[in-house]
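Take this structure, written in structure tokens, and hold onto it; I'll ask about it next.
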Amino acid sequence: MAYVAVSGGEEAIEESIRLLEYYQNSAEGEIAVEAITNQLSLLVDRVMGEAGLYSRSYAALALRQCEGSVEEAVFLLRAYRSTLTRNYYTHAVDATNMRVIRRISAAFKDIKGGQLLGPSYDYTHRLIKFNGATQSPQDIRQTLFETLEAEQPEEIASCPRVSDELRSEGLIEQAAPDDQSPHDVTMHMLEFPTTRSARLQTLARADTGFVSGLAYSALRGFGQVHPTVGELRSGYVELYVSYLLDEQESVYLGEVLITEVEGFSPAHNKEQLKISVGYGAVFGRCETKAIAMAVIDNELNQDGPYPTQDEEFVLMHGDSLEMNGFISHLKLPHYVTFQSKLDAVRKTRLEGNKSHE
Amino acid sequence: MYLNETPVLSIRDLTVRYGKGCSACSGRADNRDKNRCIACGTVWATDGISLDVYPGEVLGIVGESGSGKTTLMRALYFDFVPSFGSAVLRDYEDGQKNIWEASSAAQRMIKNTVMGMVYQNPVLGLRMNYSAASNIAEKIIAAGSRNAGQMTGRAMELLDAVEISTSRMSEAPKNFSGGMQQRVQISKALANNPALLLLDEVTTGLDLSVQAKVLDLIRKIKALYGISILLVSHDLAVIRMLADRTIVMLDGAIIESGLTDQILEDPQQAYTQQLVHSLI
Amino acid sequence: MSKNYNYAFLDEGSKREIRRATLKAVAIPGYQVPFGSRELPIGRGWGTGGIQLTLSLIGPGDVLKVIDQGSDESVNAVNIKKFVGLCTDIETTTETPEATLIQSRHRIPEIPLKNGQILIFQVPLPEPLRIVEAREEVTKKMHAEKDYAPLWLQLYESLIRYKKVTLASEYPCLVEGRYMMNPSPIPRFDNPKLHKAECLYLFGAGREKKIYAVPPYTDVVSLAFDDVPFEIESFGGKHCRLCGSTDTYLDEVFDQQSGKRFHQCSDTSYCRKLSSQKAQNRE
């Protein structure tokens, strides 16, 4: 059956998967899930964020299963998550009460609660350690541990937000409290114009590269804002759900690591100039994405001709699963439609030749 | 002369205001600096404009920028809903229904069949990347026709009327000169034989010789189709050449109106006198 | 798999929600009903809309056929069949008349479908107006106001420019005189099969989160001017090299060795059946 365009599909798939297994397991020894969660933790953060599922170990499992492909790992987590029944929504998290591990402001030199550099790559020299680390990870951990043991830990109180200062001064619009349930983008299709809750959820789950590229375009001039990072904080926030038998009571679930950014830019608000705040929040320590998200949140509030100011454009094209799925579907056979297109082209050619005669 | 005929278009009390208005400026013009209220800052882009366009006539509206003539035109193009006022068309619901209260589908129907609109900027009135024939067909399709041959026939007839060679009908207007684009726009506006043609500064920005040709064409079209025309221009020379009657606008209000000859020969208001004197 | 996942993969709540959207779609032929599309273990853009419809409808006693480009053996069809098989206990078939549910990408089988059968299409871009307007916010209004003039204009423009309609597959059609519909990327050849059919047609777009339907005996009219009739693909008298058919949709294929061009039926099941019948007749 040499002429049958597609044949032996089942067998071909089996063989393809066997070959894939060979590629996945070409080295000896398996990476421990713990090694991935601890030593590739920024990768794990990214995958959890784009998947919209906070589970370090499942993210690590997923990454190990797909040769470290972010899009595949996100896919695995999403497909798994969609089979889980969702019984509760947690209470809204107030990140003012965050147990911060890092907090900086580019707007003010000194801020209430203080700047806290925390773990950051910002001031490292990006030099590859060709001969491996001089010390083993165990040794480094041991040394750090001893140093920390010897020091008196300083209590970090919960820090008020930088924006609260400006808000009390009237420079930032005080939004009216809004107790509407958020639009759940995992359950309902986006419709435009959409709500801010849908907008922020979509951006938080969006592909990191997409969000960063868009924000970059806005900063370079295809947009209006060049915001000041009013505050960037990373740390742990606690999650609670209402107790089933008594709504007044709540049950502590645990804590998640998030990064939150508020970007400030002057904006004309009705009658006068104000400071408008763009908001970004992501799982883990994905700082660049959080800042980019804040830039885009702010851009979406502007009326203008640029892509970042177009809600439908921004929100419909950044989902990792959707964009990678649709791009990769181009690999599927399109024999029938291509034949149809050939027919249309051939017929117009015929028509063209007729009129030239 | 027109009294016993039903107007094609009647506008009553058209008011477009930006701002809330206050007791100092509502209903009175004396508390304003030009069209802006001294007390509350409200801008009265047009204030209580009423006018009629009769069958077969050309009504000209002249005024400087900020006089409200563009606001009036944009309200008729349904670019926004006026603050107050009504407009009725003889050919829409027997002149019984305010077009500014019509549904967006009805407004689209009005734009496509009852009024032909020509914009100062051809980009607004034409699909620049579609052929000239398609631009005309767009209107015919919107009016419900599903016969391609008829559309092509009508497109050829109209392009011929505006003096564009039918050999160029499959070309896109983006390849045409400014004067040609305006002529395609006019032919598109005429596609469904509307009773009224709205012309908004159609010759502004064109070379003088091209301007003269377009004005000539408009005159020819009026004679050919007996269509009523509402013509807006800042240029009294254009108005003089085309309009039977003329309305002079200043700061959002009509300050003078009458037969064009009469206004040119015996202007009553100081502003109009200044306009007429500048003509020579 | 069966231990860790529900029957037909989706939880019952999700299936119910998809069926509710489907009922609404049947009630308003051609109208795109939004739904909370679920993530599946198969790529978005790879038929997840069709699969969700199949999974929400399938139950014991159903017989499933899956085709891609008309073929039961295509890798994608096989893969989908394998997935549905893993999470249900249903029978699969390649015979069109035996199937209760047929999931398809890009084709309607050659054998006319009967009352009681459901054909489920996988749809990449459900919006027929997308070719003239990129924004969902705008196309939604156009549907509400039945403003399809821009689509007609597109058709007219291709006549002016090429003297022919150049829309190839995904050829828009008006359903029951009301909604313009994208029939999914089937060839124009298959459009007439949608009109007043005996079976139910369902359309699922997973990534775009829409479901729509053509119930039995519904008017489905392909977009065409009164004086320029709708035309299907023609194969210039070519016939299938395997079964000899001249009235089926043909694929153009090249011989692996000689590079010579052949034509053969895109509906492989139909073709095989006809070939074997002919062989029997000869004996």
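Residue numbering begins at 1 within each chain, and the chains themselves are lettered A, B and C in the order written.
Everything that follows uses one rule, which is that a residue touches a chain if its C-beta (ideal position, glycine included) is under 8 Å from a C-beta of that chain, and two chains touch if they have at least 3 such contacts.
Values in this document were obtained by computation on a predicted structure and should not be read as measured data.
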| item | value |
| --- | --- |
| Lowest number of touching-chain links that must be crossed from chain A to chain B | 2 |
| By number of C-beta contact pairs, the top two chains | A-C |
| Chain A and chain B, separation of their C-alpha mean positions in angstrom | 52 |
| CA centroid of chain B to CA centroid of chain C, Å | 49 |
| Chain A and chain C, separation of their C-alpha mean positions in angstrom | 35 |
| Chain C contact footprint on chain A (complex, rising order) | 2-10, 12-13, 75, 78-79, 81-83, 85, 186-189, 191-193, 312, 316, 321-322, 324-329, 332-337, 339-345, 347-348, 351-352, 355 |
| Touching residues (chain side chain B, partner chain C) in the complex | 104-105, 108, 127, 130-131, 133-134, 137-138, 141-142, 146-152, 169-170 |
| Chain C residues touching chain B - in the complex, by the definition given at the top | 141, 145-147, 149, 152-153, 156-157, 159-161, 225-228 |
| Contacting residues of chain C [partner chain A, same complex] | 5-6, 9-11, 13, 34-41, 43-46, 48, 68-71, 73-79, 82, 105-107, 124, 135-137, 162-170, 185-189, 207, 209-210, 231, 233-234, 241-242, 249-253, 255-257, 262, 264, 266, 268 |
